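Each chain carries a letter (A, B and C) given by its place in the written order, and its residues are counted from 1.
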Amino acid sequence: MSALLQVQDLTVNFALRTGDLTALNGVTFALGEGERLGLVGESGAGKSVAGFAIINLIGKPGYIAGGRVLFQGEEISALPEEAIRRIRGHRISMVFQDPMMTLNPVLTIGTQMVETLQAHRNIGQSEAEAIAVDKLRQVHIPSPEKRLHQYPHEFSGGMRQRIIIAIALLNDPQLIIADEPTTALDVTIQAEIMDLFLELCRQTRMGLILITHDLAVVSETTEKIAVMYAGEIVEEGRTEDVVRRPRHPYTQGLIAALPQGDDQRGTRLNQIPGTMPTLTRIPPGCSFHPRCPHAMDVCSERAPGPLPVAYPDGGGGMAACHLYDPNLGDR
Amino acid sequence: MNAPFSDKTKPLLSVRDLSKIFDISGGFLDQLTLKNGRLRREKTTVKALNRVSFDIAPGETFSVVGESGCGKSTLGRTVIGLYPPDGGEVHYGGERIDTLSSRRMLPFRRRMQMVFQDPYASLNPRKRVAAILEEPLRFHHPDMTADEVGDRVKEVMEQVGGDVQWLTRLPHEFSGGQRQRISIARALVVDPEFIVADEPISALDVSIQAQILNLMMDAREQRGLTYMFIAHDLSVVEHISTRVAVMYLGSLCEVADVDRLFADPRHPYTRALLSAIPRLGKKKSDHVRLKGEVPTPINLPTGCVFHGRCLYADERCVREIPELLKQDDGVLAACHGVEEGRL
Amino acid sequence: MTDRWQRFKKSALFHDFKGDKVAIVSFATLVLLFICAFSAPLIAPYNPYDSANIDIMSSEIPPVWMAGGTNDYLLGTDAQGRDLLSTMIYGMRISIIIGICAVALQAVIGIIIGLIAGYYGGKLDGFFMRLADVQLSFSYLMVAIFVSAVLQAAVGVGRFAEIAVPFLIIVIGLAQWPQYARTVRASVLAEKKKEYVEAARVTGFGAHRIMWRHILPNCMSPILVLSTIQVANAVMSEAALSFLGLGMPVTRPSLGSLINAGFEYIFSGSWWITAFPGVLLVILVLAVNLLGDFLRDALNPKLYKG
């Protein structure tokens, strides 16, 4: 599997009146062609910032303070705005949480789709419409020829999100970054949208980065999971490893905090004490140590780097935790 | 804290044929429409609740689940008296409360409380936490001394895992989880026996959700509380409830004990809903696909409200509204298919 | 008190204020003008109301830097021989008093009506808002002309001068209450939907308690912003009415009546009688408006400052 996207040591700062805040701290991961990665974290973990930073869409006062992003071997983080705009919406597409924010309410979806196509390609109206109809069909919108001439408010929430996905698909991107695409939707609709993503990725060998707070949704959809906490990736690995055998204490706590179904009904849930630190008050050392049940002296002194973790069946992952430092004794 | 209920079979809350209709047609001028060349006044209404009936026994955690717009929040608010019902009755502790004047309602206000969804909107931003907690107490117990009020507030603050130092601060200084603790403390401070919790954790992060759920379960143990828990997250509902009601488009589809509902859902909508719950580590999608979209509650479908999306609907479902019927094992289901035994 | 001051110093409002030169300058100007106005008997060189100081022989003396000016009268004198500077300071005091009291009256009427209309809604809301529309469709000038005609007929032109201040306050106050009512109603409608209001209702609090103690404090930011703009408007209205001869008499002039009084002498060369009060009025109104603009931007988090 050749690398589609490589993110290396990506750091994003926000320049505020009180000084710089680090919102994303040395994020590193890679995505193969047709691979699906889940970027999971609670609000404020920096997962959306990571999504925006990949396509260089960080708004002021934020700026990329370090690191590189390579897309198909090309360093896109260093490209001028003009060049990256040709990649955005073309080879890399984004899907956001609220479809109403992305769709223009006064234009028909057909107009919006044709415009998007013509912005990137030199094609005529009828040809563009044909592609639009094709993409709408691909996301299972019934009678797409008719729907093309309707306005966004004439669609339900789930349909709108399908249209957003169809728009994202227009230029046959190699990568889709979906930021909380189903958070505003109901469970039954969420399940359908996730099925759709899965189907599309398999059909077109398109890469997917699914940014969400919902570990369960990710675990059903993606092959790999990266767990974020306070601007860093604290654990990364294959989905079944991370979900069944989480190594980082934060991931362990997060999974144990979820209601597990029948056998533990009504019992107290495992809770992680405290709350995630705000960016202004990230503790020294490991940012999770004040909430960590396994915290050691070293945890408050220096930050753990990414350490490899192994699984019995030969698989491997990464956890940023001193527990897996071979130089620090057992476990 | 409350005296244990001697009669467990007598319901604490009883709702009969509750209906609620919202008029969304706006002002007089907006209601005018031209029809066949004649000017007519027409009202647009949303039927948020259609003849909903259920009982909640003391000590139960009765959950109401459904997708957005199904009327579950309206149900909670109508039960607690925030909205006047447009039909039906609400009985609490044997007394009908939906027709009481606000003065006669006061003793019930102390016994019934509510916890809200949005921790950022549910605390008055201009009041200190102490004032937020003391005001209901002083209002309902005017004879309490300042010391008694202070002690009670501190005691409740500790119970919800808060700090006495929180009392002097303003709501915006707290995180979402902390605010929700304060919200719960405000509900608990008047020592209620029944709490309507309207999506109390859906605005919170996962690790904070667990904290608040634990807090609510602890409070249930310590105070013998009865909950009406409104939620859309089925895995949370499964964890906390004793009984579950599934709502669709303002009507109850199914009411069952939590074990029965999750092990053996009867109503086709309940089945679809359960199959859509994302489960940790579950691969391969085996979701029940529903036809079409949720219709608007402005023009309710005829017959069974679910028939347009149901995979098993027949001619009778289009024509006749199904009753919520008791099955052999006590499960209540409103479905012709279940009644006829073809499901 | 010190605690509050400490908190204010740390607040975002104070931080914005420190970074906004226009706001600082207009605030300083306003403070200066207010101090001048309210300590008028202390700092004004003469008492313009004291007829012992008025000498018709010294009328229309130009300002000190012009030919014919004397050191006794810094900005010259008016047509009746009063020191212009002193008359302006006293006039500004009257203008400010009328402006603030009229706005207070507007606020009391508007807040009560806005709260009731917004909270109860329905027919009551429709009635009050239509009343507001009707009120706004009458120009305050029409109201003033009508009321002053009636009053002058009732109490006589001579005694009308004595009741001119309350008259102006009432006319301007009554004419502009719909501004408050609309603003308050809009924020009540927004606040009423929030869950803290529902929580208060669940606790059993009565409508009055919820309206005044829970909702109103959360509507204060727009009310504050509106008040600054309304004070400026009221000062302008007062000046306009006085200029038209419907306001303060020449014996107790406000800035508006001074401008009016001097207007007759512009063409005879005594431009200063009109010009200096006019400039002072512009500075006063501009400072209030600029401060209002700052408050609106600072208190409205939705407005992005570029």
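The rule is simple: a contact is a pair of C-beta atoms (placed from the backbone, for glycine too) under 8 Å apart; a residue touches a chain by one contact, two chains touch by 3 or more.
Note that the structure is a prediction, hence the values are computed from the model and not measured.
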| item | value |
| --- | --- |
| Chain contact graph, described as a line, ring, star, complete graph or other shape | line |
| Inter-chain pair with the most contacting C-beta pairs | A-B |
| Separation of subunit A from subunit B, taking each centre as the mean of its C-alpha atoms, in whole Å | 33 |
| Distance from the mean Cα position of subunit C to that of subunit A, given in whole angstrom | 55 |
| Length of the line joining the C-alpha centres of subunit B and subunit C, rounded to whole Å | 50 |
| Residues of subunit C that touch subunit B when the two form their complex | 126, 194-196, 198-206, 214, 217-218 |
| Of subunit A, residues touching subunit B in the complex | 42-43, 156, 158-159, 186-192, 194-195, 198, 213-217, 219-220, 240, 243-244, 253-255, 257-262, 264-266, 268-273, 275-276 |
| Of subunit B, residues touching subunit A in the complex | 67-68, 175, 177-178, 205-211, 213-214, 217-218, 232, 234-236, 238-240, 258-259, 262-263, 272-273, 275-283, 285, 287, 289-290, 293-294 |
| Touching residues (chain side subunit B, partner subunit C) in the complex | 27, 77, 80-82, 102, 105-106, 109-110, 112-114, 116-118, 121-127, 135-136, 139-140, 183, 186, 190 |
